[in-house]
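Each of the next two complexes has chain A plus one other chain: chain B in the first, chain C in the second.
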Partner chain A sequence: MLLITCPYCGARPESEFRCGGEAHIARPPQPGNVDDTAWADYLFYRTNPKGVHAERWLHAHGCQRWFNMLRDTASDQVIGIYAMGKSRPDRPKT
Partner chain B sequence: MVQTYRLVRGGRIDRSKPIAMRFNGKELDAFAGDTVASALLANGIHFAARSFKFHRPRGVFSHGSEEPNALLSVDRGGGRIDPNNSASAIEAVDGLSLRSQNHWPSLQFDVGAVNGALSPLFVAGFYYKTFMWPRSFWDRIYEPAIRAAAGLGRAPATPDPDRYQHTHAHCDVLVVGAGPAGLAAALAASEAGKRVILADEQAEMGGALLHELTSTIDGKSAWAWLEDTLARLASRGTVTLLPRTTAFGYYNHNHVGLVQRVTDHLADPHPDLPRERLWQVRAREVVLATGSHERPLVFAGNDRPGIMLAESLRVFVNRYGVVPGQRALIVTSGASAYTAAADLKAVGIDVAVVDARPHNDCAVEAAALRAAGCEVLAGHTVLGSRGRGRVSGLIVAPVDDSGKVGARRILPCDCVGLSGGWTPAVHLFSQSRGKLGYDAAIDAFAPGTSVQAERSAGAARGTYQLTACLGEGWNAGAAAAGLARGRRFTASASRTGFRPFRQLPTDGAKGRGRAFVDLQNDVTVKDIELAVREGFESIEHVKRYTTTGMATDQGKTSNMNALGLVAETLGKPMAEIGTTTFRLPYTPVTFAALAGPNRGRLFDPSRTTPTHDWAVAAGASFEDVGLWKRARCFPLQGEDMDAAVARECRAVRTRAGIFDASTLGKIEVVGPDAAEFLNRLYTNAFTRLEPGRCRYGLMLKEDGYILDDGVVARLARDRFHVTTTTGGAARVLQHMEDYLQTEWPNLQVYLTSITEQYAVIALQGPKAREILTLLVDGIDLGREAFPHMSLRIGSVCGVPCRLFRVSFTGELGYELNVPSDYGQPVWEAVIERGQAFGITPYGTESMHVLRAEKGFIVVGQETDGTVTPDDVGLAGLIAGSKTDFVGCRSLARPDLVSPGRRQLVGLMTEDAQGVLEEGAQIVADPAEPIPMRMLGHVTSSYWSPNCGRSIALALIAAGRSLIGRRLYATTPTGFAEVRVCNPIFVDRKGERVHA
Partner chain C sequence: MRYSILSVLSQALQGNTGWKPVWRDAELKPAYDIVIVGGGGHGLATAFYLAKEHGLTNVAVLEKGWLGSGNVGRNTTIIRSNYLLPGNIPFYEWSMKLWEGLEQDLNYNAMVSQRGVLNLYHSDVQRDAYARRGNAMRLHGVDADLLDREQVKALVPYLDFDNARFPIQGGLMQRRGGTVRHDAVAWGYARAADQRGVDIVQNCEVTGIRLEGGRVVGLDTAKGFVRAGKVGLACAGNSSRVAALAGLRLPIESHVLQAFVSEGIKPLIDTVITFGAGHFYISQSDKGGLVFGGDIDGYNSYAQRGNLPAVEDVCESGMALMPMIGRLRLLRSWGGLMDMSMDGSPIIDKTPIEGLYLNAGWCYGGFKATPASGWCFAHTIARDEPHTLNAAYRLDRFATGHLIDEKGAGAQPNLH
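Moving on, here comes the complex of A and B:
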């Protein structure tokens, strides 16, 4: 069981949390202007990397707050935790 | 039975405390400190089990939890029966009744032993090859026969009467294994005041030190050092010593599962004690000092009772004061067995050693043993064994340097110790996802790179010298605790080193003897060779095909020999073969320990409504809705459910009914942006909803499918009272929080679950207003003053109330939201007031019938996560004024606008009495050949007392265009003719709610 450090409550066991899938999937501001393909991509398509992955987590049986977490999907090590709305800390510069 | 085979003195048993047990009904005497295995041997019982496949006689093979053979069923009385316990792991305790397994009618005479004669049939993967013909025999003959023969032991027939507990613990350093390395690690880690947990699976801590008679540590005897060390650890308040505790699973982030056997060793345990305790430990650092397992040697007939591991012979003599035989043969390919031979010799057992290594490789230890008066046959192999029920001799022969086997001769014996080298117990390391690497110097897979915060020490990483084990343990403990100070130990030298043999050399003569690699699964050398010949090259495939390394011992003694044989047969290096995955648990764990207290009444919490006690007293029958107990109907004396529901339904439409709707989810949405927030979440428009008004709201997921529905009431400009379905309460709140926190964090909105704060009493029916009139203060109930879909705040029976005028029945109706604590008094007051009007309490079943008569959907019944608003005829709830809300864009997805989607319609059976089954498939033509085209399915189906006929709702492809058409619904016996109709069966114009 993962040990997850909720940014509001501290370290708690994974069973208190719910994973909300890949982070940084922004809802298109004007969905009406998005074509079917792009909308399907927003709804259904997610990356599934082996390695560092940014995920949304909810402290469901705790403070009910959402936050972002960087997790290595191969080793299950937690690499970082950061607030909703913050950009991914390790995002490579483009 | 007398303990004839017991030394007069010595060992760690207490001869002043005799213990009486039974084995297969006969007396079995022991002393405190014994295990069942040592007791069996002290009573001269070697033949204690039958093997799994061939039913061969087997005996105690080891002194620990790696035991492959001696699995016994333990009966502790009172229905406490536990099969498949390793005799070496069961502590002797008064009154224990033990039974051998896997035989009929008796251990000595077993019909199943015929399998041995039929062994050519039972080759590797036999179940894939035999029983293939005739095909029809499989279901009725082969499979039942195989199932009856398969499986080890028998499950108990009655529920487990014992209690089991769960404990969570945190520590700085968890040390697994209390042998020399583990003890040194715990000493070092606790030196600096760190919180340390030391767990060991055995009754006594000390590991290998418990059978070290001649070794010394820092000038003290091993036993004295052990006693001092345990006393020192116990005196440190930060150390928790957990004997009888197995670390069985290493999970993520240093989360380790331990199971502690609390009472099994007590003859008369205190009734408050749990039998076992499951520890979930979260450790900052873990030290794995799990020791190692001795490997057997593989030769024909290496499985007879009396043949065991060499170190186990030593343990039985030194630790338990048992004489396992009068003439022992030690068969070895390594040095450690010479220590075992010397210890046996020291208590007067006649010992000879057969060493598979050539003279030059064992000259030092052989000379020492010869000096003690033992025969040593170096450069010899074993070709077979003799004996019925117990080994009586080994067939040995010399092997020269070229591998040529010389003349055979028989060495008589009554017990045999095998030593084919040592295998580090890397199970927990591997479970921690650490990388194992093959180390040729120790012919074993040893811990390499760590993934989690753990380190291995001592024999667990292939270090077998006592001094080095102590040093490594100390260093690991110190490093784990962040302590810089090192420490040097001085201890006696240990005999180490061995030459691996996958099987002992043979002379090629065809014999009937089978050379067993895996004793528990009766896997032989031939099986493994056959599997490889048949193309199974991956070790994981060989394991599954031959079953080597499976079952209760998980191949602890056999795995390395099996891997080596595969490597040799394939001509590949060991490193390339790799190991099979080490799966948890390390040793079997009872289901009861995992379940802990979470069974029976404590399995799940149950939620009850404020009127629950009243409903119980009224004789209601209940149904589970999620965790809720909801009154399903209120049958009167002599009524069945159908009659009660019919009476309740008629009462609501003709007079008045009262219903507990407290389980509905309720969320208060507050803040300056509350209306905007709801506008974005629901399909409906809320910005222009006036305070005091309600709206039936439909909530979609982003994919356009219905998530939930409910009434949304505006209490004030910045305050809404939102209701959800009973089952959807948590889901909807989470959905709202998700969007609020992650998509629109700039909106000023606050969400509070108020489900438990309010009791909700639904009062429905034409008499509802009259009943309510005299109970309500401060609210004008007039038809125009308080219209349908509005709410007022006032008081009822003097209790503050949010009074809704809403209806889920199609009748004039109110829902009284009062503080939960007042739920039952208000409920009772309304019923008392309503008596004169014929008020009738109704349950969830009637609620369902009444809403189905009106064609109202239930989310989760008419919808299944793939249903759109239009599918259920609710497209009108989509606000045309809005360009966006959650799910809006998806409603234009090609799939969601394609023709032929299933639409909600009503069904009337041609036979008015025939009630369809919910879930029944709808087809156009029952004569159509199978597979038939399914047009849809029945979602709700009831007997409608108000229509006097059966009614149903169904989702049917393009259903609205089929109204009036005849279709067919499947029934358990065939088909029922149905006619498609409008889904509203009562008051189609909807006038009654406005009464």
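Moving on, here comes the complex of A and C:
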């Protein structure tokens, strides 16, 4: 059981949450202007790393708010939690 | 050695001292025409059909662990061909036909048992959906019977038919579905491929894919560099990582699926039963344990072990279907890594890199596909073009819009 610290409610069991998949996938601002390959990449292609993964979580059976999480997919260990809209904390800022 | 009644009798007389290892533990040679990465069911079947159907035997299968350490030895052994969509039905039915002849083909007892697969329905809407599925199957020459409540009751009287929330109204039965001993599938294909000259190299992880001018020339492995004319990837669960060695991104997420076995009991369930109101399926192994499973854990993971919420969910679904299993003790549970593709369907195709072929995205339904997957992948590699049976399993379908969304769940790998 993962213990997940919702930034709004505190530490709660995994079963209250729902994972929303990889984070920071930006929708192309003008979908009409990208080709099919770029659109498919946005919709379907994923990084799927073994190691640190940035992903979105929803506190579905709690405050119902979304947040981001860094988790190691090899060990399932939660590394960090940060708000929606913030950039990935382990990436150098540009 | 060919297995037969005579070989068994003569071994019995010799006190079983003459049995030989089932395949050679091959050393890696410097070069092969074709190298298959991944010694699971699909990789081994591919090597076997390359040799048998196409006469290609200068072939190696490289496996990072031991044979059967991946999903081929972790699944719940169910085979069926009860699909709905045109791209899927002929492929899975071909797989079923290959299962039906497999033991003769391999000269190996894989305990193929066509004990039937029964999908229960619990509402009028679900009955209509199963009627449609059954009709689609029959139109393709696949067996399917829509059973009403009384017919299901006659087969499996111990289910909770009058469950307050999910009363059982009937089921869709595919009698030719069933179970197969999964380890024997890996061993049987390995032995038959080995006998035709294929090298099976264990403990040989592929760590690099070398390209020259846009084509594959060889692989870096735990046992050194090997040159390869063509490379086929069959690394279920790890496909994204291995494809990334060649710079490819895939429409796949790796997720954990768990399986469970109870203590052994006397024969009780003589078919495979799936719950229609939750994700739960159950059968009984020949050793007597009830074998069951349900949903994936719900987030990307390479941990190869499951988490407790999924255990609870599976057990709750089991109790809703068959309350009597509450008296049983759970003996073992384990997890395996699956490629969850974004439309729930697999990929058997060439890649944009010349000489590199991809077999991936099997989600949790790839065991039943093992023979046809190997057969079609061998064809695709040998002929450099897909067979009509796997023509729909293209890698570029995500860009062209030809998705095969059997479940109608959309681009959500954790819903398939």
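Heads up, the rule we're going with is that the second predicted complex is superposed on the first by the 91 of 94 C-alpha atoms of A that agree within 3 Å, B and C clash if a C-alpha of one lies under 4 Å from a C-alpha of the other, contacts with A are read in each partner's own complex, and residues count from 1 in each chain.
Definition applied: a residue touches a chain if its C-beta (ideal position, glycine included) is under 8 Å from a C-beta of that chain, and two chains touch if they have at least 3 such contacts.
Being a predicted model, the structure only gives us computed values, none of them experimental.
In the superposition on chain A, A:36 makes contact with both chain B and chain C.
Once chain A of one complex is fitted onto chain A of the other, the partner contacts of A:2 extend to both chain B and chain C. In the overlay built on the shared chain, the residue A:88 is in contact with neither chain B nor chain C. Once the two complexes are laid over each other on the shared chain, residue contacts for A:12 go to neither chain B nor chain C. In the superposed model, A:45 lies in contact with chain C only, and not with chain B.
Once chain A of one complex is fitted onto chain A of the other, the partner contacts of A:76 extend to both chain B and chain C.
Once the two complexes are laid over each other on the shared chain, residue contacts for A:55 go to chain C alone; chain B is not touched.
Applying the stated contact rule after C-alpha superposition, one finds that A:65 touches chain B and leaves chain C untouched. Under the contact criterion defined above, the residues of chain A that touch both chain B in one complex and chain C in the other are 1-2, 13-14, 18, 36, 39-40, 43, 75-76. Taken together, the chain A residues at the contact with chain C in this complex read 1-2, 13-15, 18-19, 21-22, 36-37, 39-41, 43-50, 53, 55, 71, 73-76. If you check the complex, the residues on chain A that touch chain B are 1-3, 13-14, 18, 20, 27-28, 30-32, 34, 36, 39-40, 43, 56, 58, 60, 64-66, 75-78, 84-85. Chain B makes touch with chain A in their complex at residues 251-255, 282, 433, 451, 702-703, 734, 737-738, 741-743, 745, 883-884, 888-890, 892-894. Those residues of chain C that touch chain A in the complex are listed here as 238, 240-241, 249-254, 298-303, 307-309, 312, 342-343, 398-401, 411-414.
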